[in-house]
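Next come the structures, one after another.
The two complexes that follow have chain A in common; it is paired with chain B in the first and with chain C in the second.
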Partner chain A sequence: MLFTSLEFILFILGVFVLYYIVPKRFQWKLLLIANVFFYACAGIGGMVFMGVTIVTSYAATVCMDRLQKKADNCIQSQKGIWTKEERKAYKKQVKKRKRNILLDCLFINIGILAILKYTNFAIANINGIAAAFTGNGVLAYTDFVLPLGISFYTFQTMGYVIDVYRGKAEAERNIFKMALFVSFFPQLIQGPISRFGELKETLYKEHNFVFKNVLFGVERILWGYFKKLVIADRILVAVNTIIGQPSEYYGFYVFLGMIFYAVELYADFTGGIDITIGIAQVLGINLTENFERPYFSKSIAEYWRRWHITMGAWFRDYIYYPMSASVPVMKLSTFTRKHFGEAVGRRLPVYLVMFTVWFATGIWHGASWNFIVWGLLNCTVILISQECRPLYEKFHAKFPKLKDKCGYKCFQIIRTILLMSVLRLLDCYRNVPMTFCMFSTMFTRFNIGSVLGGGLLTLGITVYDYAVVGLGVMLLFMVSMLQRKGSVRERLYEKSVVVQYFAVLFLLVAIIIFGAYGIGYDANQFIYNQF
Partner chain B sequence: MDELIDILKNLHADVDYEKCTALIDDKILDSFDLITMIADIHEKFDVIIPADEIIAQNFNSAKSIYSLIERLLDDEE
Partner chain C sequence: MKRRTKTAAAAVLMIAFTFLVLFLFQALLVPKYMSGVREGALIQEYYRETTKHDVIFIGDCEVYENISPVTLWEEYGITSYIRGSAQQLVWQSYYLLEETLKYEKPDVVVFNVLSMKYNEPQNEAYNRMTLDGMKWSSSKAQSVKVSMTGDENFASYVFPLLRFHSRWSELTKEDFRYMFSRDTVSHNGYLMQVGTKPVTTMPKTEILDNYSFGENAWQYLEKITDICRENGIKLVLMKAPTIYPVWYEQWEKQIEEYADKNDLLYYNFLETMDEAGIDLTTDTYDAGLHLNVEGAEKLSKYFGKILVQECGLSDNRKDEALSEVWREKICAYEAEKEQKYRESEQSGNNQKG
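Here is the complex of A and B:
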């Protein structure tokens, strides 16, 4: 059921109405039923995998929780009897047992994800190597179907299991409530990746109908649909034309394609997240924000702190920090400092961890080399800018006022957008050699004259489409500027009812009139659904 | 404490670590700084900071970092 389909809109309308009609104690149960219905529409097969995730995570978290509580009681009862060493040895033993449970759970769930998502990628690589020697592939491809949202719900659930292991979250004792956390339908397909400790505060609570919440939620949903249908799906045609015919569209077209894709991806992904957060808000549930105006970032490191925030935080908290603080990495740090000196010793382990995390980020986005190279290139750019930090500091010490100049800030923002857009060409062409080849044509095949002299109208969209997208982007920019000073909806709420009514009506009419659909329109899935 | 201040000065020389109490909240230290610092702390103090201790409140000031190190050293004894 696509977010942009009529069925989905009818579905959420039904859920909204029933949610506030049923007795409040049944609200979370209604949501669970809605999740089952939503997921069943995508195929029954996927429910089996989700069921395995729910059951194994439930069992693991409850076992770890019981073990910890029993251990705490035991330590308390032995206070003054056990020596410090005895207490430490007992704690260590408990931690080891908890760790074994955690590892079993991670093994099953990450294993399922890995097998379903990466088997064909592994086979393709093995066949590639075999073909180099024998001329033929040796393994047949599998026909695994990736269950809907498996990357997102697996990460969200494993984050919860690790939090329980660390004692940061309490285990949920009701398996149905746990199932609701794993399967909450608005965030199932593209995030945000929530933390149990935060989401449970509002997910299981009984909610009254609060007009302000519902109004804000509806406004956010409409804003999301505006971004998706008016901007993303309209510019998508031009992006697909440029990417799909590289022999015709090279040089300046590639530059245009990467800028168009930057617009499309932003409008598509943030639009989807707006719809998700808006739906949750109508239901009185708070979801974590996933974006903080990323295109205003002045560096790639900052960009990644503001784009897909919950995914970045997940990788940081559950891979980056644990790896960095692990015994092997610390030993490597000691070893490299001793043998290669302070400068290399300080950097090497950190760089190794960074590359591992970015490799994981890349392959999480897709089982193909283009995503891996994309991840590693992101890491390389971040590390280069990290290495250049002393140079920047020297430069800014010489020109201390430059940092505050508007022109310099704009330069930094444009530089970041361009760098990110160039890296995303790997996402567009989905083929590493092709990407580098097409990127190079920007500097070798100059066709700006023919592009501007009519070429733009060969990309499958009309002057009208360009005008709609242009106006949409301007509105997006203006709203982003306003958001810097606080919530736009809060300010709108302080205005008269007529102004609020007009704003909602404007969005609704804009979506109906300018949205990219109608006869012959093929409803497009959100880009991040595929991950 | 002086050894810790040296480690921190290595990351950002221009910060007043005696006074600053929002190193993480004000984004003075980023995640890259944090893991570099954790490796440096391991070198100087021979203590490994576990991942679940890497939270803002433990790293917002030199004082809180030092308290963390002392607590971990105490646990190890």
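Here is the complex of A and C:
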């Protein structure tokens, strides 16, 4: 069920109405039924894998929790009897058993994700190597169907299991509530990746109908649809034309495609998240924000703190920190400091961990080399910029007033957008050599004259489409500027009912009239759904 | 209490205003079919009829461009209406007939059999031309359901704005002018065409894998037969005398057998063209696909005689009220004919002229 389909809109309307009609104690159960229905629409097969994730994670968390509680009681009862060493040994033994449970659970679930998502990638690489020697591939490709949202729900659930292991979250004893957390339908498609501790606060609570919540939720949903249907799906045609015909569209077209894709991806992904958070808000459930005006970032590092925030936080909390504090990395740190000196030795383990995290980020986005290279290049840019910091500081010491100047800030913002857009070419062409080749044409094949002299109208969209996208982007920019001073919806709420009504009506009419949907437009799934 | 009432009233007002705005946009954005592709306007014109009809024609362009109800009236006093539309499929003909029977019960229904060759939904644009013009009823709902192609959805028939929203970039003066009312483009469902483009080549007869009509097509022809029988209506099958697209011998045989089996009249006018006086070097405006107004009048004269003889239709010209109505129709018909001849002569299309 596509978020942009009429079926989905009817489905959520039905859920909204029923949610506030049923007795409040049944609200979470209704959501679980809605999740099952939503997921079943995507194929019954996927439910089996999600079922395995739910059952194994439930069993693992409950076991770990019981083990911990039993251990705590035991330690309590043996207070004054056991020596410090005995207590330490017992704790170590409990931790080891918990870790075994955790590893088993991670093995099963990450294993499912890895097999379903990465088998063909592995086969392609093996075949590539084999072909280099024998001239033929040796393994046949599999035809696994990737269950809906598997990357998102696996990461969210594994985060929860690790939190229980670390004692940061309590295990949920009701398997159905646990199932609701794993399968909460609005966030299945593209996140955000929620933390159990935060989500459970509102997910299982009984909710009254609060007009303001519902209004804000509806406004956010409409805003999401506006971004997705009016901007993203309209500019998408031009992006696909440029990417799909590299022999015709090179040089300045690549630059345009890169900028168009930046607009499309932002409108698509943030639009989807707006719809997700808006739906949850109508239901009285708070989801974590996933974006904070990322295109206003002044550096790549800042950009990644403001783009897909929950994914970045997941990699930070569950890979970066644990790896940095792990025994092998500590040992490596000691080794490198000893052999390469303090400056280099301090950096090497950090770089290694960062490259690992970015490798994981890349491959999480897709099972292909373009995503891996994309991840590693992101890491490289961040590290280079980190290494150049002394130079920047020197420069700014020489020109102290420059930092605060609006023009310089704009330069930093545009530089970040361009850098990110260049890296995203790997996502566009999905082929590493082709990406580098097309990128190079921007500097070797000059065709700006022909592009602006009619070439723009060969990309499958009309002058009217450009006008709609242009106005849409202007509106996006204006709203983003307003958001810097606080919630736009809160400010709108302070206005008269008539003003609020016309704002909602404007969005609704704009979506219906200017949205790229129906016959003549392909039904486009959200870009992040494929990840 | 007072506050609650006020809130409720405001909510109702807002919802009503929202629907009004959307209705206005819908009225503006749906195609009007007043020029260019006028076929899309045919179906809805039926609801403007004030009198009943002896004969109802159902089918595709082979009825609405080849039969002239005005000639049938003038020559035989037969009142008739063509509920035809572009590429009208058999099930659409059935549901149009079912709907028509809610308004009137004609003595005769004539169904043009060319559409038997289609067994599946074909084309969204043609579906729209047939279905959007129908008033909402169970017949329309059923017709929409069975006619939709893979990428269509039912909601877009309920709210055509969802289908035509993207026309904002191609609006013309016509869209504003005909937002709330449309001109009549047909003469009791007949879409007049003038000019001559003679047949110069015969169509190539391609060999088909299978000449049998599909199960779906048969099922709905069966339904048409049944509904006529149940209502005491005489069903007549016809094949118009146009040579494009090809009408295969094998198809002819199947229809003949069906007509025999069900005791129906069937006329293939391709076989009686000489008798009807139709000459495809002068009586077609598009080289044999459809007849021009002269051809349509000739066919109507010929067919009218058959209808009177075989179906026992009586002459209504003595009915004063009916005559008054038809006098106006004749005036409009002649006026358009004259105007079209003039335009055709000016543009040099009417070689006959």
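The rule is simple: the second predicted complex is superposed on the first by the 530 of 531 C-alpha atoms of A that agree within 3 Å, B and C clash if a C-alpha of one lies under 4 Å from a C-alpha of the other, contacts with A are read in each partner's own complex, and residues count from 1 in each chain.
The rule we apply is simple: a contact is a pair of C-beta atoms (placed from the backbone, for glycine too) under 8 Å apart; a residue touches a chain by one contact, two chains touch by 3 or more.
All values reported here derive from a predicted model rather than from experimental measurement.
Trainee: Looking at A:6, would you say it contacts chain B, chain C, both, or neither? Reply first, second, both or neither.
Mentor: second
Trainee: Output check: A:316 vs chain B and chain C. Expected answer is one of first, second, both, neither. What do you get?
Mentor: Touch partner of A:316: chain B, not chain C.
Trainee: Counting residues of chain A touched by each partner, does chain B or chain C come out ahead?
Mentor: Comparing chain B with chain C, the partner touching more chain A residues is B.
Trainee: Pick one for A:245: touches chain B only (first), chain C only (second), both, or neither.
Mentor: neither
Trainee: Just checking: does A:168 make contact with chain B only, chain C only, both, or neither of them? Give me first, second, both or neither.
Mentor: A:168 contacts chain B only, not chain C.
Trainee: Tell me the contact category for A:515 with respect to chain B and chain C: first, second, both or neither.
Mentor: Touch partner of A:515: chain C, not chain B.
Trainee: If we overlay the two complexes on their shared chain A, which of chain B and chain C does A:440 touch? Say first, second, both or neither.
Mentor: neither
Trainee: Using the touch definition from the top, say if A:349 reaches chain B (first), chain C (second), both or neither.
Mentor: Touch partner of A:349: chain B, not chain C.
Trainee: Spell out the part of chain A that touches chain C in their complex, as residue ranges.
Mentor: That would be residues 6, 462, 464-465, 497, 501, 505, 508-509, 512-521 of chain A.
Trainee: Would you tell me which residues of chain C are touching chain A in their complex?
Mentor: My answer: residues 10, 14, 17-18, 21-22, 25, 29, 124, 151-153, 155-156, 161-163, 165-166, 168-169.
Trainee: Can you tell me which positions in chain A touch chain B when the two form their complex?
Mentor: Those residues of chain A that touch chain B are 84, 166-168, 301, 305, 316-317, 320-322, 324-325, 327, 329-330, 333-334, 337, 346, 349-350, 353-354, 382, 386.
Trainee: How about chain B: which of its residues touch chain A in the complex?
Mentor: It comes out as residues 30-32, 34-36, 38-40, 42-43, 48-52, 54, 77.
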